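As written, the chains take the letters A, B, C and D, and residue 1 is the first residue of each chain.
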């Protein structure tokens, strides 16, 4: 019996064809099956995240068994997903140690932990693990291609943004300290220590302005005003950084596009004579996408920069 | 008598000249009459919206009859406008089902509903319908041409902005959950459940900072500071997106301006296209613009929504 | 006696030389006297504005007479300034009816009104007139050249910004109304009428977030979150508008600068031969500014784009 | 004995080799030792700043002696650093009078003052000196190269930003005054005087929105809404300024990159300059960079702070 199981296991482990097929479905999204898998997974994640939300609220007792059943269901589904991902991944270790690998594992654990130890023990850890499931929402972001551009432009400017961060941190540290000097000794002051004063400086400079810690003296209000105006102005710096880095990405894209374009004009001139003699199917250059990769509409004009149906940039 | 009325009705329905004349006045704003109609309508809308405002406030009893009379007046005027629009529109159904068609209808209904059912019944629905009249303010926006550019640059970057939205949503979901982990168990905490904690995260990250939900522990304040600094920094991302897309529109406009001198290549292309067109005329519907009104490029695909050269919306 | 006075008056009125001299001092700031006048005026304005501040606060009785004396002093000085401006202005009426003309007049009135009517009567008007003196701070802004660029780029994009304004106004109107629908009927609600709900929508969408009006229901918080995210995102639109219009101004400047540059290269080639034979004073092109107009430092390199002392752009 | 000490002191003072070696380690960060010194110093600064934080909080008595010992340790370390910096600096006076020179000195003083005068006297000054140590966090910023670019783009646009600042100051002054006119006379108003009203205007226009001072009348809320919308919109101005100045820096960099191929004109200019230089060598100080390290343009004026070609800061 065990021998048979072991043989079956080994056959399964060596079944590269099945692995590849599953990989295409689970990790990629080019095939209809892959797309279906993605959509179903997104819906399941959204529902499971809302389940965590509902569990955190006070609910009538009559709903509790339904929540339990939903827990069972999601535990089974996500355990299956985790196992399949491990199985078909070419480098299972890399997946297991990746951000989503850990999240996927953690998301299935709370149920098994309750089963193993009883719900009474390790309660805090189980609770935290339950909440961690919410982090799976990041998978939503994972499915969108456009995100890469944003991410790229943020990564390109990450060093500068880090410096800006550091600059802001040093600024709020010193401004919070100055505020502590000014209002720290007043009876009933809210600036009871430096960290709280720095918290105030951050709340003020980022223009959040909770109002839970506010100055009461004239001098305190004056410093406060300076911090606000400073925050209001230097807000421009990260914006400038990101704008310029996005502009750089755009220019890089455009340069390619115009290069293709000017190549095209030359080629076009060459093609004019040929074209005159040929039928209208020649009208469409073979090396051009005849269908918009975004909306699937047909593109009749060779060298089109934008899809005439959805307006998306075809040269990106 | 009925026969006569019916004949008159049919004559009216077939009176294309009157329809066209009314259409020019009501739907367009190129003629003096059309402009006058627009201005009068804007003033009436502003007054009627203020009437809704006043009705929501506590007013002295002596004013109430005047409000009633104003209600009568606006109901008559907007009913007339609605009927005339339906009458002269070449596709009445399209108008009736459009956003403004529905708003226009709904804006006239409350009075008739009160008349039909008495003010006592269906009170909530009548109340909601009354308030919906406020949405007619969007018509104000409709009258301005400049809006199209803003709209276009937002539409061009809508995908990226949606991704950013999604990114922010996943971020506040997880940050709210972490805050719930930190301060959710404190006695008298304001972070009573995850949705409320997410609400806090949104209030904080968008730098709104109501202060109705604030952290009280040191760790909570530290996370809060991180969320603020994060929100303060990633605010740069939508700005960068919109700036770049506006820059793109500007560049496209500039290119046209500079192209006026060196349009020879374009003209060459035009001539080719012309030839092609004569060869397959059935391809292009005659009622469609064959040239992009923005960049002058030829549009081969009848029913194109966007220019394949410059990506501008042809349907605006 | 009166005859003599009249003759003197007419002579004064016809004294174009004196008028011109005074005009140079008072309205222009190119001469040393004009600069001195400006600086003295700025200092006087700042002091008089602070006097208004101090008068609004509770001060010890012992200071009151000093405030009175300062009032006398400023009234005399600003009356003299107003009369001189009227006298030397080529179009006194235009000045008198300009924003600063009215402010200058109003700033001198409170004292005379107290003198004429007694301080008991017209008290409110006198009080308002006193406060209006604060508006003279706008003169500070008037003295700076750099302001023009900012102003120009704002004016260039004013139409678009107005459309954005209108868009925001329609948005907050409808969002405030929706919030009134949601929370307007709750007992003890803060959304007591539509205008107050619109005030809440503005507070929220501009990310100010006073927290004096906040939602209490789940649905209200959800709408609130949407409004915040919306405000956080569309904030990008005015930024994009202003950035692009500034970019346009910069490009226009650069185009001129590069045109001058390329002209310069040609001229430079012509000058090379001449230069070789001449002494080092020839090194400085006569048509170039030899001194930085900003910091006064000497510029040795003809065709310098930036001042080597202060780094300012010399081609602007 | 004293003679010997004096001789040793003089030898030390004249030991240029040791000075140079120490200078390389302490002031520069190119060598492994220099890098190590920097890293250790950063860590020590971070710890010492946290020590100041902890001292401002209420701590259990058992920790107090440990804080005292940490104080001793940091005093010794930073005194040593200060003395070494003074010793190896080629211009000790310049260092002593620089921002960090003063901070470094002040950071070591509190301990010695307690020792000299006893902790009872001069308590406030000692306390302030202790807090000033926090300002050493600015050294963190000093270590990062990327900061220069940010700083440079801010410096380049500093004049414009200052004008914007001034504009905002005049705006909040007048808007605060108007609000004082509106709500200053109400019983129990929070707008008790003009400075507090200006504080409110700053809190509102920078979109901070503490909510500690809020309008209560309809007119006050209306003005408030205007201030918010204004602040929300003009926020775009500093962003535009900084974006454009960053764009300028980027373009300057790009121009260099593209110029590498077509440097012939530049080289021609170089050769001319070379000739000129040989003719008036006394003009150029030998220890000055004769070529801009950024754009390669020749710098004729010895002691130039900025490159006359590209405007970059040569002293950074």
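In this section, contacts are C-beta pairs under 8 Å (C-beta built on N, C-alpha and C of every residue); 3 or more make two chains touch, one makes a residue touch a chain.
Remember, it's a predicted structure, so these values are computed and weren't measured experimentally.
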item	value
Self-contact between copies chain A and chain B, residue sets same or different by half	different
Duplicate of the C-D contact set - from B-D, A-C or A-D, the pair where over half of the pairs recur	A-D
Separation of chain B from chain C, taking each centre as the mean of its C-alpha atoms, in whole Å	35
Computed distance of Cα centres, chain B from chain A, in Å	29
Computed distance of Cα centres, chain D from chain B, in Å	47
Chain A and chain C: spacing of chain centres that average the CA atoms, whole Å	44
Junction residues of chain A, two or more chains touched	164, 195, 207-211, 231, 235, 239-241, 243, 247
Residues of chain A touching chain B in the complex	49, 52-53, 56-58, 128, 131, 134-135, 137-138, 140-141, 144, 146-147, 149-150, 153-154, 161, 164-165, 168, 195-196, 198-199, 202-203, 205-212, 231, 235, 238-243, 245-247, 250, 265, 268-269, 272, 275-276, 280, 283, 298-301, 304-311, 313
Complex interface listing, chain A residues touching chain D	159-160, 162-164, 166-167, 169-170, 173-174, 177, 180-181, 184, 192-195, 204, 207-211, 214, 218, 221, 224-225, 228-229, 231-233, 235-237, 239-241, 243-244, 247-248
Residue numbers on chain D that touch chain B, as the complex places them	207-211, 239, 243
